[in-house]
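Okay, here's the structure, questions in a sec.
The first chain written gets the first letter, and so on, giving A, B and C; residue counts start at 1 in each chain.
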């Protein structure tokens, strides 16, 4: 074996991220590392690349035990990481980016041997069919090519173990196919590749062996020829803990949110939502399931007015909101629980009370004629704290000193504090403990039963299956399929999430 | 956000191109209009002589001069502007308009100068030599700014380093009776201030703007204090030997160029050398590559094993040394003693030169020359008794910088990570 | 426990910062006391004691200069002679006079910092406000006086507001960094004032100095006490009123809420439907307007004549002051009173002991540094972070 990880255990406060994980990869082999978000893949790779140190277990390279104290040592040991978020300097050209940190120099001034570096880059690029222009600036390159520059970086450092972290997350299907071709070329030359993903189709196509991680442990190791999408999906999502939410059958009424043929671009001007149509009725919970980065974020931002759509139509409660401001959308009765609540949902430096009125401060009874009404605001905030069981010393406490669950509750309490027709909740329970999760789910069901339309975006299969009346699975900017919540199975959702069939 | 979305609407790359074309057309129209204005100004100005003379070797010595008319100057400037404007509008975004400004600007400056002089003879060797001398501290300060910002540290404390350098240099030179010792002490003090800025920004994560403000206010306070309390009463501490001009044999005998470039102070020669040297170091060496990576994307530098913090400390020390040196120039060469507040905002003009020169040593030197030129013109005007309010010329560097920062004339972009705190690991 | 946490702890750090800055300042006083240090080789102990005594003299002169001589104040209590009373209260009124512009500029900086914008341009906004008021007074000199005063204040405020709005607008629209633009605009403002003071319309007949005609003969801000040599005018009262208004605005108005939200977290503010660009422009205009009004009252109240050195660094003091005050209007008033006392007291110190007032600039820089890097103070005094949950107390 070229690389072996034996019994790796890594514990963070309150979380067992890696629990006695063992994986191995041989010369010229592609190991697919499959798992959901939070299965422990990233932690494992950070251990491998010297960023974290394991609590126990060992790393063997070529049969000898190696301990990495910093990324440098991992690089020297031949491990080349291609991070999901590229580590390239946008204003550098390809040669500079590739050589950075491993420059060859001449003379007493340390002149960078650019010509030699350029020759190597061209050589490596041709040898492995990477087709990269050595003189192009990084910021002018499409994402797919940037990834190849990252691969070049690893090859330039003579890495023989290449780790690709969610490499296809940012690629178009065509670019993904090119990547597979490159990977096969590399392995033919003897390089070992660890391919981290949660897309079933990809791992079946490119891997020689697949190790599936679930909740920090190895759920199984299989060969693509001996397995099926269904088996992989089962291994990946498991069957154990079922989240239970007591809820009656939905009584869907009129359409509250209607999304028609919507196209949305992301910040890099790539098409992220490629023609989505979706309806959410009053009194039902629709969950948009899918792996992160398949256009859900952009779809949500478009619905709540933070992102202008490219074409199509979004109607909320009978009003076309394509050009509406976030304030106008909120005023229509839309509650929005954003995905990154510390960044977007909460103002950490402000008090619980102030956060509670963050989107209603401008309306009666919280204010009139431009002046806040301290007594009414305090009364409302006290009420919210009581109703939502927010654990806080007082409403004057700074939000950042609350626990994550209570911060989330502040956001939920605020959003539900006004008459709600539509709830848009993105990853509403990410990072919360089980108690808080149940609590939030119950509140969502309450809102549904009170007649609101609920749209949840979640990457957590458990959550989707537990609360949704209907499940729309998004893959690559499109709705891959819509399932009834009651009859949907993990396998069915998992396959759709992986872009299958 | 709206701009991103706006660009998205035109689908793919089309929008950026369309905008580029539109901007090019507007730019072309503005330049052409300037040209028309130039031609308009030419009417009736053909009877006003414009004479620019150049000393060949020394002040009052043999001179060579060009005589034309103000009308002619306007005619040439205006016509060139119309051609450039037309080309810009026609060719579009690909037209090298920035470069064309380097042709256009001198023509307009000459025409405006001619018009202001209204027939008086201007000696340009003196003006250019003055520009160079005035450009020395600004260039050195700008290089300090470039080094720190390229490494990712915002540096608004150049002014403070000037003052500290000037004060320390004057005292040290007076005590030791050696100008060289004064320069060395000024450099060391500059480095100490640079280190302090880095220490506050990196070790204590103080906002780099606040840290800069601290240093500027503190430097004004301490140098004024030392001047009033110590130097005013003990003048022997503030009568340093000065650094005089050195004529370089042979080269200083070249007409015009000799008195300009080869008859200056050692500071001038050093500055010219450092501009070239740093350009090379920044863009051609491993050190420069790593420095720029630290200022653009420190996380990328760190993942390939580069010690970003160390690089930043190093850059700040070097920057401090250069700014301290510039300070010593003020007290040891230009004025001959330390005076309160003698940097007079030059540290901020250096900051302007950093931006105007697009964080590039050569560009900053060009900007410093331009700012020095506007200073030199002003003293020429007052010598010749031309009544132009000096305040207007004085404001030019500042207004130009605002225009550049606001991206009104094409955006220049600074190092992406400058000013952002960075924590390792 | 609660009182400790609520009131004493927040004030502790700024107080320690000021104290430490003065200790360092004293050290500088000592090592620059050349006359005294000459005796050091012969009599080290005596030199140290004499040095300390000199520092003591300096600081006591400062206290007397700022607050007056206790005996005189006591005598004035039972006296009805206006001269005696004026002599006793003059130092303290001068302190209030010196704090007025500091309150305005401090509030100006605080309001911009609250919105997350660095307004380094308060100095320029201050003098342009004063310039606007000067021009207004000379243009409308025939307008009835109360009206003229109000008109001048409005125009002065608007001049400052415009000078603040420009960088705000540029930041919101083009992303131009406000620190760079405000620094540059400070210099442009200084040049504009110099330029304006060259004009025949503004300058006194025959003068070559950068000063304006005397304005106090046309209009001036009314004095609070009709006592000889007491300059305290209603500008100080306006400063206090403004502090209350700013406090109300920041903490009680919906606009103020928006500014604070944008200042803390631009993304979350946007998600909550707040117009971030508008908040930046508003904050900068308000900030500039406050500075402009401060300049107006300084020129029409305290000085009575515009000059290019009207502001002796009020705009830069203000940055230290706002940081020291934690950007709270009440804190700004307290810090401005402190700085005002230092300025007037420093004046007497300079006269009596020859120690330059500029020491205070240095001390101020140290104060900002210690406030901005609380870890420094903590390490000096071996303080532990108080909160158990690891969140630093504000």
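Criterion: a residue touches a chain if its C-beta (ideal position, glycine included) is under 8 Å from a C-beta of that chain, and two chains touch if they have at least 3 such contacts.
Remember, predicted model here, so these are calculated numbers, not experimental data.
Trainee: Starting from the Cα centroid of subunit B, hunt down the chain whose centroid lies farthest away.
Mentor: Farthest from subunit B by mean C-alpha position: A.
Trainee: Of the chain pairs A-C and A-B, which one is connected by the greater count of C-beta contacts?
Mentor: A-B
Trainee: What whole-Å value do you get for the distance between subunit B and subunit C if each is reduced to the mean of its CA atoms?
Mentor: Each chain reduced to its C-alpha mean, subunit B and subunit C end up 32 Å apart.
Trainee: So what's the Cα centroid distance for subunit A and subunit B, whole Å?
Mentor: 46
Trainee: Hey, what residues on subunit A touch two or more of the other chains?
Mentor: Within subunit A, the residues that touch at least two other chains are 306.
Trainee: Can you list every residue of subunit C that touches 2 or more other chains, as numbers and ranges?
Mentor: 270
Trainee: If a residue has to touch 2 or more other chains to count, which residues of subunit B qualify?
Mentor: 1
Trainee: Per the contact definition, I'd like the list of subunit B residues that touch subunit C in the complex.
Mentor: 1, 154, 156, 200, 204-207, 209-211, 213-222, 224-226, 228-230, 233-234, 345, 348, 351-352, 355, 389, 391-392, 394-395, 398-399, 401-402, 405-408
Trainee: Give every residue of subunit A touching subunit C within the complex, in rising order.
Mentor: 304, 306, 325-328, 330, 336, 338, 343-350, 354, 357-359, 361-362, 367, 370-372, 374, 398, 400-401
Trainee: Touching residues of subunit C toward subunit A in the complex: what are they?
Mentor: 252-255, 257-258, 260-261, 264-265, 267-274, 387, 389, 391, 394
Trainee: Could you pull out which subunit C residues touch subunit B in their complex?
Mentor: 28, 32, 34, 118, 120, 170, 174-177, 179-181, 183-185, 187-188, 191-192, 194-195, 198, 270, 316, 319-320, 323, 354-356, 358-366, 368-369, 372-373, 375-376
Trainee: Hey, which residues of subunit A end up touching subunit B in the complex?
Mentor: Counting only subunit A, the residues touching subunit B are 70-72, 75, 81, 83, 87-92, 96-97, 99-103, 105, 109-112, 114, 153, 265, 267, 269, 306-308, 310.
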